[in-house]
Amino acid sequence: MELAKLKITKRQTLAGQLYGQILEQIVSNTLGQGERLPSEHGLATAFGVSRPVVREALKKLQEDGLVEARRGVGTFVRRRPPEKLIEFATVDSVAGLMRAMEARVTVEHATARLAALRAGPKDLARIESALQRLEETMAVRTPSVDSDYQFHLAIAAASGNEVFVDMLECTRDAIERGIDVAQKLTREGTQARLNLVMREHRQIFEAIHAGDAEAAGVCMSHHLLQARTRITDHAESA
Amino acid sequence: MELAKLKITKRQTLAGQLYGQILEQIVSNTLGQGERLPSEHGLATAFGVSRPVVREALKKLQEDGLVEARRGVGTFVRRRPPEKLIEFATVDSVAGLMRAMEARVTVEHATARLAALRAGPKDLARIESALQRLEETMAVRTPSVDSDYQFHLAIAAASGNEVFVDMLECTRDAIERGIDVAQKLTREGTQARLNLVMREHRQIFEAIHAGDAEAAGVCMSHHLLQARTRITDHAESA
Amino acid sequence: MELAKLKITKRQTLAGQLYGQILEQIVSNTLGQGERLPSEHGLATAFGVSRPVVREALKKLQEDGLVEARRGVGTFVRRRPPEKLIEFATVDSVAGLMRAMEARVTVEHATARLAALRAGPKDLARIESALQRLEETMAVRTPSVDSDYQFHLAIAAASGNEVFVDMLECTRDAIERGIDVAQKLTREGTQARLNLVMREHRQIFEAIHAGDAEAAGVCMSHHLLQARTRITDHAESA
Amino acid sequence: MELAKLKITKRQTLAGQLYGQILEQIVSNTLGQGERLPSEHGLATAFGVSRPVVREALKKLQEDGLVEARRGVGTFVRRRPPEKLIEFATVDSVAGLMRAMEARVTVEHATARLAALRAGPKDLARIESALQRLEETMAVRTPSVDSDYQFHLAIAAASGNEVFVDMLECTRDAIERGIDVAQKLTREGTQARLNLVMREHRQIFEAIHAGDAEAAGVCMSHHLLQARTRITDHAESA
């Protein structure tokens, strides 16, 4: 890890900047998969920041599945994101995308479950229509961010609970940026990868349509966690 | 059920109005616990609305635990809310309070779990400080809506995920109105009831403080579902 | 629906027999997808059983996703299982397989989560070894029931909680019969289908290996619910 | 921590024995709440065991909420169980009781949910009858282990899934031993404590009776996690 390359700017919290700079080293393979990071003390000294700042940055990287702490041994690189990640998203924005994804897994597991129990014919038509537009754009390898968002929003509306709709709408920017990055990474991958992503969406719709609440909730969680893995693991985005 | 008493106004969806008017009959005991509601056809005729409108109103009453449908038999009153409910909240607003509660159970189960895993000393101090203010105001039987909201907001902040904070903040009005109604009903009850509500809050804090994610999530869900029951069941609010 | 074909034997509860006979009509397409079943009264008369028996059989068919009740309209065929189902399993045993699957979703969601948190190197080696044997036998289209069971048992052992191991072992017969049917149906399908099933297993292992509890739990639930769908939906088993 | 007091016998795994002996020191207040345990190296040397054995014992103590690891600082006593615990249960058996409790939280959350959706009048009568017997014996401060177990078993039967019943029955010994210890500790506490435990059981029944699946599941999890806390935390058992 060439510490000399790292520089602290003033746009973000120190921990946020440190997160981004370590992320950059992982993506660029300067810090290889399985490699040990410098100690807390080493990182604090190298960056001229306090150890609490180092700990906060490492904690977030661990929460996002990028590094892992082994007790009494140190912190190691767990996953290397695809190289294109930091072309499609600024290094500073990745932690935010991960937080939005985490919140979506919670909220949309519930909306999919409830939609399976409560969706009426109009709700189903709206979900399917967004799905069809998404599939058409994916078929020609130019997936539409708006169609993807509208698919998830229509499911929230079908939950019969406007509060869930408000919750998605008030975090729409972060959600759409996450969709945008995930779609761009998917387009870099094989056709088989694209087919899997289409299949994930279709399964959610089918479980809701069949009124199968448990399957709808699990298919939604599975889809969002897979999307997160495609963002953080270069092997999965192939 | 004296249908003549019911009147349709223009402020809300028809289904929303019908929900409110049936609720009023249940609270006032015009429709007693265990009693069968008129048939879909009967309700549609009496109110001069279509059957889909009747079905939507009944569905929401069922989702909120106020009535239950028995297949091939009809729809029955399941729970009678405390009489004071429609003094503390307008009949029109109750369905909205229930929706906010449902969304909170989902989101705050997650924030409490994550707070148990991620809260630092400052987060814990902020949660405990809001709890203490809430307990002080409850001890003199004037619970503070703001302290209650701040307690839940501090837990969301301790989850380390700003998106959850945004989700609570953007539905703050509905959350605070729900807290207000629940607190007013609690004040009508016995001291034993007040003690139980204090205990629920304290248990959430203790599970987070102990780093016990599963207990923190379950204590939070339990607290919010109990609050919902206190709003919808006169027996529980005693 | 040709009611004359149905006959009551004495081996099972009446509701269990009725379940099996309606299932047979659905699989054989005598009762087509989307078609309405006779009324409760009609079924009771045709089979010479009481209405509670009819209701119990319909309830179980609904729980298993095979029929759906639409309020005030009737009960309809929701999914048609693959024709081979009643070649690979006796009609009488299908309800039991579904119940075992339901219990597995609950228990194994927990074992996969805990394994991600607690598995040591030996646990991981044991899970991977069972996975490799399963993949080798799937590659030549003769998946091994024992390897599949051992994969799931090794995950339970890795949860560090022997009680979960006991729970799987004491229902091993039902679990292995379910695996056997699912595998036989998978072998009837395309190579793409077989690859998907292999992928589901591999994802569970990878999430456990990465220490990602949430993903491990969700991948496990998703895998088991997909297996259930492959048993009950001829379209999904293609 | 007076290490000289500790002795290794041959009845159990080394990690299991070490767990029991550290537990004994915590219960007896030799190791006080908040106090730091000796280092891994220190424990390994003192007991003449390998560090992996020490790590396994500490991991189980942490999973059971008795100690907590603070990264880079050490392991600390988190909760002190009531002194009577090691009178009512052998030191060797406590880890097993905790594992049974963990499995029950998973399985019985599901059985309570499903019972709320599926219980018929006979199921409800059976659950209520066991509850009444339990309440009668608790009222005279001699709670019946069998009634408590039968209450939980009747809920599993009401789930309509025999596999869950089998899972409880095949771990019945461990479950009953856990109930026995929890009840004995409850009897040591105040009448207020006893009333709370009765209330927890009654709430589960009421949620199942009301057909409220979410509340039934959460009330069950909450009850079992509270029971676990009463076993591991002397403050909660007062």
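Each chain gets a letter, A, B, C and D, in the order it is written, and its residues are counted from 1.
Here, contacts are C-beta pairs under 8 Å (C-beta built on N, C-alpha and C of every residue); 3 or more make two chains touch, one makes a residue touch a chain.
By chain, UniProt protein names: A, B, C, D = FadR family transcriptional regulator.
Worth saying up front: this structure is predicted, and the values here are computed from it rather than measured.
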| item | value |
| --- | --- |
| Third chains touching both chain C and chain B | A, D |
| Label of the chain whose CA centroid is most distant from the centroid of chain A | D |
| Chain A and chain D: spacing of chain centres that average the CA atoms, whole Å | 37 |
| Chain centre separation (chain A, chain B; CA means) in Å | 32 |
| Graph class of chain-chain contacts, one of line, ring, star, complete, other | complete |
| Chain C residues within the chain B interface of the complex | 40, 55, 69, 71-72 |
| Residue ranges of chain B in contact with chain D within the complex | 65, 68, 78-79, 105, 210-212, 214-215, 218-219, 221-222, 225, 229 |
| Touching residues (chain side chain A, partner chain B) in the complex | 59-60, 63, 96, 99-100, 102-103, 106-107, 109-110, 118, 160-164, 166-167, 170-171, 174 |
